[in-house]
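Next up, some structures in structure tokens.
Next, two complexes with chain A in common: one pairs it with chain B, the other with chain C.
Right after this comes the complex of A and B.
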């Protein structure tokens, strides 16, 4: 078979055909390397070489029987979950403000939201060390000099520092989907709600928020995924002994050089992350069933 | 006493004066139409009544109560939006129930009233559908039911037929008129379609550039337009420059004009003109420029010594060919009493 019909299908075809080059690219440069990496968890590696015919689920079973793995997963989960909700609470007013703003103010808000993405997450995490850390940190210095506290607060190297850092660093991922939906919403619906007797607050919770449910859950899924798998923030802001599943993947692979264990933990991390995100999306779709009717 | 009174409403958006002292009064249980081209301020006037627009000046009185300063959610004013503005995340029943839920009406009463309102607009079978799954006409009826279920004092409708296709429009207009008569609610429509205004309303207020140009029963406005603008907006009209001599129109003395001698303007409807054989005599002399048989009538354009041709609509007899293009003719008014003499021509000339 010549390649001409394939080319024609890709260029002029319907359905999946035009996506074939992109899918091929993703397969070769994303799926394949990832599968290779994950596969390391199911073979025995001896001095940097795969020992032939040693396919086994043993390492995975051992990891799943390990209490520590479950404790780390639980921490990864609740940190990601809490920080996703915090992100939503902080992002919504910003997105709403953007939608109400006009002209240059919109541009300014957008720049303020997007510009942190131009610096690396590592730098932002370090910045939080400066702000939260020790007696000389910005927060403690301010509170001490105001006489509000007598002893410096211990924020750095606690769950709090990790939550604060995660929430701030991932804020744009929540604001951006909300921005688009809130800015382009149909204001007539709010007028209709007022006309039917609802207050401004009632209108916000009965009309504006429900209408933004698809964006809310898109944001939640996004922020959850990046928080659940983030290993920089817990390492830097949680302190040396603070660990999560993602941190363990990093340490086993890069520090301990136990690739098998790293790959097994990565498999667990990825599959659970995938499951949680699916659950978030499914729940969002359930809440916004009306959206399917509109599509 | 009038049920709705808009008194001297003024509103500017920036440098643009949208409403320039508009006063309209609507009697209880009647239907008023605000008619005008887009940009004349009719929707802004309606939105002022609903409280969405705060007027710079003037008062809004409904049922003898001054509601000018009331926020929109405390007015008993039902509003049907041009786009219907149905809540897409609520099904039909929940859309209709919205106002009742906001008012914390009990569950049983809410259900009963929603059912009644949906019966009224014949949509009971669609109670659990989402708005996106309804046709334009059905959406409109949901919007009306949603407003009426609260038993408002007045019903406002902003171009309610705009989103419907032409075929559906006429039947929906008649349906809506019947519905409003059945409920007996004082209503105000906004439209730019004069035919719609004629079908729907007891009275029409013709608007132009933020002002009310004329108010009256549709037929009265058609018969006795007060300005050339109104004459041209309601139905079709020839607006012709004329001279008055001795209380009569010089070109056709059959038409009386109770005005001083001098230049004036004459409004004459196309169906009130008849084509006669050319020759000496009163009337407009010209040649047939265009003839279109339309079935029951023939529409003529007669070139006379003015920039605009005369428009004439003549009844057509079967087998009768229209007057040949280019043939010289004389045009006269059939009923001189149905002609209207105005001091000012189009654009205040």
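Right after this comes the complex of A and C.
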């Protein structure tokens, strides 16, 4: 039966052909648009058309020489960095608790983690406006009625509101990778550590945490990327005059309608985002290898 | 475990428990507060609400612009779920079972959209369309959102396919079933729950998405997230809470279906 291997090949979908429609789709609707976006930063555009023979590095140079761009990039960076670390600090105990929990508790924790993921970020940003906003905001109402403060705190439309909103909205992205790793971990090392007289706390920091380093950095990279490029939260919780690099991309493209500027800034946003993410991943890998060597 | 905890461990356990409790509260509370506020009878938001009324729900349902946007969003999301399933499931087959040159590169390209922020996909689509004199429209929104959502479908289908035994398909073929028959009667039923999950997840993602939609959607006939975005930016009436509560309800209904069919743990991966 010489046709059997061939039959099997086709049957198993061993060729590339089932993926061809998806690959073609992504080529037309992702790769070509991305090239267009890139190109738009280096030409003069008139009503969506590239004006011939206007290739120039001038727009990129102008953007890189602009103080404002650097200041916005710095704010995008530190907001994303702080919020990634905050999500890690909040996420780890939840993931650890999940790994220890049994039965109904597991389900409840999982529902709590996944349900915000299924609620739009817009709804959650609105919730934070309600909670943090003005005199009628939940936080101020409570603090005022308890007599802890005399004047309402100004939280909405500050860095704080942006940090709080981003951290909460991206929390599930950090919990889920940790949850998977911690729940399925090999516990024999911990038991050995405890049997040898180490404290639970010591075991936690010297055995459990180092073992989860890859998941920690995967989470950090993901949360950093989504925070760095988020323009909804800074706009809604930071207020009208609050801006980041991502907000600026939105405004240039949709409000100011300066597409060249929008394209240049989007290119800068995306390439710096990739650079930071690669740095986080590389650092995580180095740390994991160092851990293995130490163990 | 429970006997004679060292003082440091008592503190450690307390801190761990307290932070976990705080995080869980932080995850759930905002949505619950929004739902509570939606029943406010007065014209401005307050928590706890001063009474229980469905006034703002009536207001939402009477608002033609909002109900129209819901209909737009439903159609867009259905179309996106359909396109991504049709493209993503066969692609997942090739990714998992295929052996061909350049497979790693093909897989990376298939999952590439998940590294792109929605905003960048939206702007790129807008510019690309403009180059061919296509304006932002809900057709453009569907095409762009399908790019954005394709990796979700491919990843869920891949995870399920990797767990299937290809020998079942071989057995079916050896017993004389054709390729199509094998796919429909052997492979597809095993994939079923994963496909439901992928479709549901994509539907919610498309229904909620604002980052792609702000750049690509039609100026007339906006989808709900864009409508909501402009509302939230300039106003904070309890009407927004009512829309949000309805969205939360929809997501929960879909999540219940998911929990029944596939289990929640798979969603994040």
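Just so we're on the same page, the second predicted complex is superposed on the first by the 260 of 295 C-alpha atoms of A that agree within 3 Å, B and C clash if a C-alpha of one lies under 4 Å from a C-alpha of the other, contacts with A are read in each partner's own complex, and residues count from 1 in each chain.
The definition used in the following text is that contacts are C-beta pairs under 8 Å (C-beta built on N, C-alpha and C of every residue); 3 or more make two chains touch, one makes a residue touch a chain.
What you see is a predicted model; the values in this text were computed from it and never measured.
With chain A as the common reference, chain B sits beside chain C without any clash. Touch criterion met: A:29 reaches chain C, while chain B stays clear of it.
In the superposed pair of complexes, A:290 makes contact with chain B only, with no contact to chain C. Judged by the touch definition given at the top, the superposed model places A:199 against both chain B and chain C.
Set against each other, chain B and chain C touch different numbers of residues in chain A, with C touching more. Once the two complexes are overlaid on the shared chain, A:58 sits clear of chain B and of chain C alike.
Of the two partner chains placed by superposition, only chain C is touched by A:168; chain B is not. Touch criterion met: A:186 reaches chain B, while chain C stays clear of it. In the overlay built on the shared chain, the residue A:120 is in contact with chain C alone; chain B does not reach it. Taking every C-alpha atom of chain B against every C-alpha atom of chain C, the smallest gap after superposition is 7 Å. Contacts of chain A with chain B, set against its contacts with chain C after fitting on chain A, overlap at residues 199, 202.
Listing the residues of chain A that touch chain B in their complex gives 186, 188-189, 191-199, 202, 206-207, 210-211, 213, 288, 290-291, 293-294. Residues of chain A that touch chain C in their complex: 7-8, 10-19, 21-23, 25-26, 29-30, 32-34, 36-37, 40, 48-50, 89-91, 93-94, 96-97, 107, 109-131, 133, 136, 138, 141, 168, 171-173, 175-177, 179-180, 199-202, 204, 225-226, 229-232, 235-236, 246, 249-250, 253-254, 259, 262-263, 266, 269-270, 273-274. Interface residues of chain B, counted against chain A in their complex, comprise 50-52, 71-75, 77-79, 81, 83, 85-91, 98-99, 102-103, 129-130, 132-133, 146-147, 150. Interface residues of chain C facing chain A in the complex, by the touch rule stated above, are 5-6, 8-9, 11-13, 15-17, 19-20, 22-24, 26-28, 30-31, 33-34, 37, 44-47, 86-88, 90-91, 93-95, 97-100, 102-103, 106, 109-110, 112-113, 115-117, 119-121, 123-128, 130-131, 133, 143-144, 146-147, 150, 154, 166, 169-170, 173, 179, 182, 204, 207-211, 214-215, 225, 228-229, 232-233, 236, 240-241, 244, 247-248, 251-252, 254-255, 264-265, 267-269.
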